[in-house]
Structures are given as structure tokens and as C-alpha cells.
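Several structures are given next for inspection.
Common to both upcoming complexes is subunit A, partnered first by subunit B, then by subunit C.
Up next, the complex of A and B:
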């Protein structure tokens, strides 16, 4: 009986610690920017879900592709229907971990490397994404800027618009994570 | 004749390419739901709910859980009573104010952000280009 109680108490403590150690947001910001001499194209998604497990350094991002908003309606339509095929592939995700997370205090902006798998358009690639993490009184601030090649994710750009879309697209990430209470 | 068509079609195509989005306020809602019900529909069957709602204009009523700001202005709100089942909207234009308590908003459903295998439980129904209607 005593043994059972100890096991239950230990399990409860583990689950409690798990929830306390996680930080999240549902309104992370991802911007992508494509620049060519002919045209600059940018889109913003302010509804990105991000979770960080402080105990392990595990990190997840999930963005609904149709939540990227463009200034021009036709660009948004082409992005979804012709390039990202968002009806078939509705989300982009990153699942991985922050390298050497346990060794850092994050008192100030700390350069880190997120290592894991980036999935979009039905293709998953192993990636290493540089960024910064800072821990404040209300949680973590994460930022990152990196380049993505559409061809690495089998995103085909028709020849007719090839000159308007950059071969590498700049992705900027900016989010504030608050403690997950459950 | 071909030249005439070219001079007509090219400027028209260029004008369309430069067009902004339609005003959500002028669109009729395809569905009117509560925030709780629409999230539950996605949690129960994401594929079926996606076919029903994504790209449709939906009017959602629910309690304001959080106001989202960026660069010093209101860009969106979250409707929910529960931190793990939320309707998350971004506005077409910055509203002057957000009514207190329960609000009704109209927007284009862009999808559902939730994954049973994620570290984050629950999910979010996402609306783009939302406007506050409060049934007016």
C-alpha cells in the first residue's frame, strides 16, 4: 500500500514538473521575405504555435500555411494554390531541440542552434537553425533569421514567375513564450 | 485583334495582381458558431471540420481571452474560456476598441493548429482578416 502511494506521488511529481517546465505561445510571429530586382514579396503569420520544454530543451513550432497573410490577395492565392499547395499540406512544423540547452542560463540574448526536422509541402529535412533565446521574468523570448530554399521542399516555381521569386527565402521568427499551466 | 486583346488583358491582369483583399465586413457569413463549438468540431474530426470551414467566412461568438498586440497596435484577439481550445483571429484593420465580455467576430477560417503528438495540448482555430461585428 505504502509502495503504491510512493509510486503515485512520484508520478504526480513528474507530471507536475513536466507542465511547469514548458513554455508556449499561440501567437508567435513568422515572416518570410523574398527579394529580387523585380519584386519584393513578404508575408506574416502572427498565429504560430511554439512550445519549449525547459527540462529537456525540446522545441516545437507549428504554422498553418493559410495563416500567412500577404498584402496582395492574388499573391496569397498563388502562394497557397500553386506553390505551397496548402490544401494538401496545411501546416509547416519544426520538431527538435535546442543544442546544449541545459548548459545555458539565458540571462541575456544567447546564441543557440535548434537541431531537428523542418517539414513543409510534404517534405521533411534535417536542419540546424541559428537563433537567440533570452529568459525574462515572464518567460522566454526566441528570435531567429535563416534562409530556406523552396527547391529543398519540392516547391516548384514556374518559369513565368521565376525572376520574381528569390532562390532563397528569408525566414524571420519572433516569439514570446509564457509558462504552460496545466 | 490580338494586339487589342493584349492591351486589354495585360492592364487588367496587372490591376488584379495589385488588388488588396475583399472587405470581410461586406461578406456574408457561411456559418455562425460559438468559439467552443467550432474548436470542438476540429478536435473531434479535423478533416471533416476542415472541409466544412477552411476558406469560408465564419462568424464566431465567444469570450475574449486575450488581446494580441504587435508594434504597439492591436492585431488580433483570442476567444475562449479554456487555454487549450481557442479561436485565434487577426484583424483586417486595427479596431478602435475591443468590447468587453463576449464578442462576435467574422473572419476567414485559415485552418486548425493542433497536434495530438505535440507537447502542447488542445488546438486553435485560426481566422484571418477578421472584423468585430457583435451581431450588428
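Up next, the complex of A and C:
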């Protein structure tokens, strides 16, 4: 009898590992901000898809380029047509993992490092992005602020407007993830 | 029996950890289909003389300067036309996301004109598929030339006791049907009706029907080649005046907030009734002018 119990307990332990879940959102927020003495450019995307897997620490983001909203309609048009060429490259993605995810508890704002690949405009680069993760009763809160260089992603900026766009653009991320139920 | 149980446990362990290596994002399934509006079929709201199927967004003010020099066959003494200058200054404004209005004044013909331009169909893919842009443009022009000048231009020499103001009015109604075929190619058709309240004699129609065609080929991200032609249906205009169809070809160059349009055209006028029904230039005789349009947009109102 004891042996059977132990065996059943062992099997339960194996399957019970699934209790560590996946968290997601389709309304994540990413904002980018470029500041120069001539002009400030900023845009917000409120429809970013994010998935986090607690079991492995894997973290993925996907943002549709056309969903970045600008104050000026013409700026949004130029952003899509001339700079990001969003017809050809409709999405920007990050695929990677949170370093040492399993070793940390996220009861309060915990600083982490996300390591992986950032792809946009057809170019993929290895990146390490610092951020903050907190786990609350309803799910996870992720925030981050980091710099991106347009030239690293072959985004061409003509000489006539070179001084209007910063060489490093500030990207801000904040999103709340809820459990993913299959 | 014991071995079988151990085997089962081990299998169970592997099963629960055999998560797929695929992207996590795939677990979410497909995004909901969204509306994908086709944008930037032309770089601005005019092709060369006439309207394109693009309009200004809600709250956007577009300052338009249209400039035409004299005919190139004026030769060196006229600096190939550069010595003469004709100008239209105008302001277009996006009143709603689908309605533009505009006003302008032209020195050729001393026209004051105002128009409304409404978008009926917007080319899009995704949730709804609409393959074309469909717009309606209506322009009213009034000439402030002196009565004598106006009659002389029409080839009339009589004296009129009364020349009511409504003789000075010109109405243009136009449907624009167009499509952005690809990043590189856009084209549109413009069936047009120009109504002139006053014409020189009874053999000339007050109503003139024309069919315009316009196209653009995008050469680089910021430079495009445009062409525009208005064909006036036969037996409507005064045949003694040798009017011709308006044909124009030019380049669009776009910088941050400006679009510069550099072109050659055989039309002197810059209002629809003028360039569609009163073009006299013969391309083959060198009766064409160099000209440019400058378009500068300002965002004056940000819709919530």
C-alpha cells in the first residue's frame, strides 16, 4: 500500500509541475521617444502582445508597427511608409528569457535582465534589456526603459532630417499580464 | 509489474515537461483581424493641377502654393518662361476624417475658389476589403476680372448693359475613383463636369464633360513621378479658340513636412474650370510651362 501511495504521489508530482503557468496580455504599452533640439518625436502603442512563461522564464513581445499612434497624422504616415516600411515588416518582436527567473521571487519590484533577440525592420540583434518585474494577486507587472539605435536596425534617416531624429531612441515598456487559461 | 509502473512514472515525467519549443506567442493564436487602411497612394492631395485620391487628416491645415511660369518656347529673351509668373495661393483643411475643404485665389483669371472634397470609400484590407478609393469633389470659382476683360478673353466684343454676377461663376463636380496598386504604382480616373454659367455663344455648351486620368510611379522612398491628363469630350468647347486637353507630368519630392512638386504642364490655369476647359497650350509647339507646387502641412487640431 505504501509503495502504491509513493508511486501515485510521484506521478502527481510530475504532472503537478504544470501549476507554474503562462501569463499574457494583448494590451501591453510601448512608447518610444526621440528628443533633439529641433524636434521631439513620440508615439504610443497600446496593443502590444506579451507572453511570459513562469516555468522557464521565457518572455516574448510582439508589437504591430501600424499600431504606434502619433499626434501628427503625417508623422505617423512617414514613420510607416519611409522609416519602418511597415508594409514589408509589419511587426517588431522580442524573444528571449528573463535571466535567473526561477531564482527570484517577485513579491516586490525586482530588477531583472531580459536576454534575447530584438527584431524590427527585418533586422535581428542580440540584446540585454534591464527591467522590473513584480508579481501581484492578479498577475505580473513588467516595466522597462531602454535605448535603441535606429541605425542598428537599418532604419535610414536622410541627411535633410538627420538632426530631427535622435541617434538613440528611448523605449518605455509597461504592461500587466494575466494568467493564460487554455 | 514493478518495471511497468516505473516506466509509467518516467513517461509521465517526460510528458509533463515536453513543452513545445515553439514560440510562446504562438500559444495566443492569431490576432483579431484589424482594419488595414491603405495610405500614401499619392504624396499629397493634388497630382499636378487636379485633385488626387488622398485627403488631409482631421485637423490638418495644408498651405498650398501653385506656381506656373510662362511657356518654354518664349526662348532666351523670356528666360524660357521664367520671366512670367502665375500663382495660386490656397489653404486646405481636414474638417473631419473624411471631409476636406479649401479656398484659394489665382491671379490667372483672378479666380477666387472654394471646394469641398468628401471621401466615400477608403481602400482597405483586413476586416473589410475595399479595393478602391472613391471621392467626390465640388469646386466653385468666381472670377473678379473686369467685365471687359472677361468678354475679351472669351472673344466677345459686344457691349453688355447688364452683366449679372452669376455670369462669373464656374462649378466643377468630380468623382475620383482610384487605387494604390502597390508601393510603386497608384492610378485614378476622374469623370468631371464643369458648368460655366456664361459662355460666348449658343454653339458652346455650358456643361462640359471630361474624363481625367492620373497616375504616379514611386521612384524612391521620397521621390515620385506623376502624370495627369484631362480629356474633354468632343463638341463642347468653342472650336474657334483651339482649346486643348490638359497634359502634365512632374516629380514629387517629399521632405519632413513639405511636398515639392516640380512639373511641366500645358495649362496656365490652376482652378479646375480653367485648366480643364481653357487650356490652350500645344505641347508639340513648345506651349508648355515649368511650374511647381509647394505643400506644407500643419497639425492645428489633434482629434482625441
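Heads up, the rule we're going with is that the second predicted complex is superposed on the first by the 162 of 182 C-alpha atoms of A that agree within 3 Å, B and C clash if a C-alpha of one lies under 4 Å from a C-alpha of the other, contacts with A are read in each partner's own complex, and residues count from 1 in each chain.
Here is the rule we use: a contact is a pair of C-beta atoms (placed from the backbone, for glycine too) under 8 Å apart; a residue touches a chain by one contact, two chains touch by 3 or more.
Computed from a prediction, not measured in an experiment: that's the story for all the values here.
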Figure out whether A:102 sits in contact with subunit B (first) or subunit C (second), or with both, or with neither. neither
Subunit B versus subunit C as contact partner of A:160, first or second or both or neither: second
Hey, is it subunit B or subunit C that touches more of subunit A? C
Touch test for A:58: subunit B only (first), subunit C only (second), both, or neither? both
With both complexes superposed on chain A, which partner does A:29 reach: first (subunit B), second (subunit C), both or neither? first
Which partner does A:49 contact after superposing on A: first (subunit B), second (subunit C), both, neither? both
Just checking: does A:77 make contact with subunit B only, subunit C only, both, or neither of them? Give me first, second, both or neither. second
Footprint overlap on subunit A, comparing subunit B with subunit C: 22, 24, 26, 49, 51, 53, 58, 60, 62, 64, 66, 71-74, 87, 93, 180
What part of subunit C is in contact with subunit A in the complex they form? 5, 8-9, 12-13, 15-17, 19, 23-25, 27-28, 31, 34, 36, 39-40, 57-60, 183, 221-222, 255-257, 297, 299, 302
Complex contact set, residues of subunit A against subunit C: 7, 10-11, 14-15, 17-18, 22, 24, 26, 49, 51-53, 55-56, 58-60, 62, 64, 66, 71-74, 77-78, 80-82, 87, 93, 95, 156, 158, 160-161, 164, 180
List the residues on subunit B that touch subunit A in their complex, please. 16-22, 50, 54-55, 68, 70, 75-76, 78, 83-84, 86, 88, 90, 110-113, 115, 118-121, 124, 126, 128-129
For subunit A, which residues count as touching subunit B in their complex? 22, 24, 26-27, 29, 46-47, 49, 51, 53, 58, 60, 62-67, 69, 71-76, 87, 90-91, 93, 180-182
